[in-house]
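Paired with subunit B in one complex and with subunit C in the other, subunit A is shared by the two complexes that follow.
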Partner chain A sequence: MTLRESLSSLLLTGPAALALVLFIFLPVTVVFVLAFTDYQIGASGAGWVGLDNFAQLFGSRLGRNAIFNTLTYVAIVIPASVGLGLLVALGLHGLAGSLPRITNALKAVYFLPVAATLVAMAVSWQMLLHPSLGLVNTWASALGWPAPLWLSDRDLVLYTLAVIGIWQTVGYNMVLFLAGLAAIQPSLYDAAEVDGATGGWSRFWLVTWPMLGPTTLFVLVVTAANAFRVFETVATLTKGGPAFASDTIVYALYREGFVYFKAGYASAITVVFFLALLLLTALQVWVIERRVHYR
Partner chain B sequence: MKPSLLALGLALAAGSAAADTTLRVHYAIPTIWADTQDALAQAFMDAHPDITVTLDGPAEGYADGVQRLLRESVAGTAPDVAWVGLNLWRVLEARGLAQPLDEFLPEDPESVGYTGALLSLGAFDGHQYALGTSASTLVAYVNPDLVERAGGSMEDFPTDYDGIIELAAKIDALDGTTEGVWVSPHDWRFQSFLGAHGGRPLNVDETDVTFDSDAGVAAASIYGRFASEGGMSTMGENDARQAFPAGTLGIMFESSSLMTRFAEGAGDRFDMVVKPMPIVAADEDVYLPTGGSGIVMLTDDAEKQQAAWEYIAFVTSPEAQKIIVETTGYAPTNALVVEDESYLGDFYAENPNARVAHEQVARYAGPWYAYPGAEGVAVTDVIAADLLNVVEGADPRETVEELADTTRGMLGFN
Partner chain C sequence: MSDILHSPAKGDLPALSLCDVSKRFGETEVVSGFSLDLYAGEFVALLGASGSGKSTTLRMLAGLERPTSGKVMMRGQDVTALRPAARNIALMFQSYALYPHLSVRQNIATPLRQAQLSAAARLPGAGLVSPRTRATEAAIAGRTKEVAEMLRLGELLDRKPGQLSGGQQQRVALARALVRDPSAFLLDEPLSNLDTALRNSTREEIRELHRSTGHAFLLVTHDQADALSMADRIAVMIAGRIAQCAPAAEIYHRPANRDVARFIGAHRMNILSPGAEAAALHPHGAKIEIGVRPEALRIDPEGALTATLTSAAFHGEETLLHLRTPAGTALLAVIDGTASLPAKGTQIRLGAPAARLHGFDATTGQRVEITP
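Now for the complex of A and B:
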């Protein structure tokens, strides 16, 4: 490479790299430093508190509650949203040949929640789930079923939010799986048939599922990252309540930082969350990648 | 000729430079305040042509607003004057940003309408840091149709909690969708019931929690009895704020600032009536924590401070308070404007509900206690969570006593 070429490369990457350092890496470093202090937003100084903030996150009732709630939410949303996404994609892929118009309409319906603004959708959900006026409970009462407090019963609220989370991500996963399905070469099915795999299940298990491996990995990583970051529905529908029953990690970090003004503690939560997500993603990629690529 | 013209020119330039003080004003909640703020700024500038008021782009809510003020103060670009939530000015005071107003206050504050109760909204540790600009207290919103259906009447509407609970139970029993009474398990509502029973959340020095008194237990018991005897559900705030205008909720204790919104929401369905909080203790012991907004001075420049005070004095004067009441629905924070019929007499004749709320403010207004220290806001969420436990059946006395201990630990009072 000539000097001229390296100079122009530098010129091309330089500004973006500089912006990245200034606006991403520098603030992240500040957050990492703040995590070890008791800094409050607007305060003129801060004290060094070592690992106290981290001890508080893992040791306090509220901190553990937020972690537990997030794990529960994730444990429901990831399998359900990936599984349903795959089922819907398989169904629509099968239908595409015989009923193309209906398939396209259904695709749009499933994708709508992804395209819609979640906060606006959350308001609709709140109205639907209203204990006495909402459509859901009006129908439930008409059928003689109990009418639960979907968003204000502390034993129920997390599951309600999880269902909304699934509803919101199934469409996205469906689109990814559909792309994966379209990329499978028909000759593989022919070959499998020659080898005796004629039933629907064996075709799926021996051809479709293994060939969808890379897609499934990507879907898992994306769904997990989104599920761990659950915030909008909590902030608009429950504010973490009732009595912290739907307090999740990201909502807790917002609450501590921007409602309680405890920037130091909120930074500690951010650091833990960031590292946990990084680790999880690395693990998923590392463990699963060796089993899904056939090159 | 020439030199004198020059001198005239110089004099004019110097004069206009000294006269042109520009005040930057911060406010929040444009959905309520935008038009009011424009009207106030215009009226102020008409009366003080030497001062120009520029309004910063408003913050979405009071909490956002305070965050922005904190950020701006770190960056050195804070405005000169700010309208902040009455529960949040202490955040600015604790960080040394709010300037004391003591030297600006008139000798006899009462004479210009600043009563002791109203001054208490912005006072801490013997200094005045904020002046209230709009106020709201907890009131009872009543659906008269449901009351009549349940066999009650608005003429002899109960004036004590026993009567209200009894009536609520009857409304609750009407059919599957009606509910008798609702109040949010929330720090401010709890402080209101506490104050109505003559209690206080903190002692005078703010060195101990005092809501584990009999008054505090009585206040928490109201939550328990509303649920166990009055059939109150644990539905959330958003849900309740829809249920009342929809006509399925009989009595709702809520901030008087929601009056206009509820009346519009109820529309033709029913004619909402506002009733005062039942007061249990003797009048001199009672206070009702007051929500709304206050105004603080942030500039530390002596010359700007004088202009800032002119603005603060104006927006708390009866003339400006009349504008605020008529355009926002909040209660005024100047006693003269309520006492003197010439300001709002016509308004009250048309809005009897507003008079109920405003008289309650004038009589019982007290500070919305902000818990001191780094955990001050966090404590309010813990209180809310424990009140929900009482609603769900926990013993009020045990809960309040444990809560007081937890709170002492969080605030470092032990």
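Now for the complex of A and C:
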């Protein structure tokens, strides 16, 4: 490569690289350092506290509660939204040939929650789930069923949020799965038919599921990353309540950092969260990648 | 139809046959009134240009497509409503359609596993629980190995299709089709994804496979070289119908109609409309069309036909001459590459042996016998 070419390459990558260093890498480094201090936003100095912040997160009842809540939420949302996304995609893919208009309308309906602003949608959910005036409980009592306190019952609130989380991600997963389904060679289904895989179930195991491997991996990674970051619904609907029953890691991070200004502690949470997510994604890619691309 | 005349085993019921089958997609009729018998041990080629309906015919034979009308029969039994697996027909796909996530061994074993093991028994580790499943698995493994060795795939059994060359993938597709001893073997453009050198050896290999297995083979192709070199009998398909079904030599030397005559042969047959020029070649030419293959036309000072040379193209062993008659008919002649060429624009006289002239009815296009 000539000097001239090197210079123009540098000129092209330079600004973006500089911005990346200034606005991503530098702040991340600062956060990593702050995680070991008791710095408070606005304070003139900070003391080195070592691993105290981490001990507080994993040792305190509140810290462990946030971690446990997040894991519960994730354990519900990932399988449900990936599974439902796949089911809806399979249904719509099968329907597309015979009822194209209805299929397109349904696709739009399923995708609507993805396109809509979650904060605005949260307001609608709040109205729907209102204990006495909400549509859900009005119908429930009309049918003679109990009318639970969806967002203020400590045993229920996390599951309510999980359902909203699923509702929000199914459409996105559906679109990804639909693209994956459309990319499967029709001749593979013909081959399966000739080879005797005539039932829907054996066709699915012989062709559809293995061919969707790369799509499923991507959907899993994206869904997991989104589920771990659950924040908007918590912030707008419950504020982590009642009595921290819906407190999640990212909401705790927000509360400690931006409400109580405990920047050191918030940074420690961020570091843990970041490392956990990095580890999870690397694990998924490392474990599954070799098994989905068939090379 | 001449099918029955050329069947190797007269009186036997055909292994597979289509009886007056039609298929329409919406308003368009892709296959119309199609009948074809395929006997055990026979190698038939279904030859047609793309869009002639040959793939649809193949899919109806295999059971992947239901005919709009007509019947599919196997040994005298109506199988029109049966699914592909129940017909026990093997099909080799043009794209090979191998399962990319399965090893060569698993790909070949798939038809047997689907037929002989229940869904539960196909689960990994099922053999550990049930001795019967274990026995079936062992039998399948033995058969898989046998077929793989026959197709020289013994070394590749644990590879994935993505790690194989095109020729190897093709052999895996053949093995998967052959593994369950099918009652008929359908090949959809088996050579179209191979390079020229491999095509010739693969043609031989498929011929050999046909000889050694004795199955009824049906080859679907758009390439007449494939059809002429492999098949005992060729069914020429034009616009959804069988235009002629006969051995290769007969198709070439006695085409049943104008369309077949034009379709078969390395170069398109010259057709002279009824008139003085056609009559110069053959006395019947006054009333019917006279066809002559470019390779049958020769430069002959005594020749009956006069034409002007418009261009000549040297192709090594042969030279293509583009000519125009005084009446404006464009002619093509193929002469030996070593022959000296007349200059462009000169008038030359052409002749052809009477035995190599073909007569066609000017309105129906059907063959009229004119040779003595």
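Keep this in mind: the second predicted complex is superposed on the first by the 295 of 295 C-alpha atoms of A that agree within 3 Å, B and C clash if a C-alpha of one lies under 4 Å from a C-alpha of the other, contacts with A are read in each partner's own complex, and residues count from 1 in each chain.
As a convention for this text, contacts are C-beta pairs under 8 Å (C-beta built on N, C-alpha and C of every residue); 3 or more make two chains touch, one makes a residue touch a chain.
Values in this document were obtained by computation on a predicted structure and should not be read as measured data.
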item	value
Partners on subunit A (subunit B, subunit C) - clash or fit	fit
Which of subunit B and subunit C A:Ser44 touches, first, second, both or neither	first
Contacts of A:Thr2 with subunit B and subunit C, given as first, second, both or neither	neither
First, second, both or neither for A:Tyr260, with subunit B first and subunit C second	first
Greater subunit A contact set [subunit C / subunit B]	B
Subunit B versus subunit C as contact partner of A:Thr117, first or second or both or neither	neither
Partner chain in contact with A:Leu133 - subunit B first, subunit C second, else both or neither	first
Partner chain in contact with A:Ser98 - subunit B first, subunit C second, else both or neither	neither
Distance of closest approach, subunit C and subunit B, by C-alpha atoms in Å	50
Subunit C contact footprint on subunit A (complex, rising order)	185, 187-188, 190-191, 193-199, 201-202, 206-207, 210-211, 213, 294-295
In the complex, subunit B residues that touch subunit A	63, 67, 69-71, 73-74, 91, 95-97, 176-177, 179, 185, 233-236, 238-239, 242-243, 246, 248, 374-375, 377-378, 381, 384-386, 388-389
Residue ranges of subunit C in contact with subunit A within the complex	59, 62-64, 83-85, 89-91, 93-95, 97-102, 110-111, 114-115, 119, 122, 160-163, 176
Sites on subunit A touched by subunit B in the complex	38, 40-44, 126-127, 130-133, 141, 149, 151-154, 237-238, 241-244, 255-256, 258-262
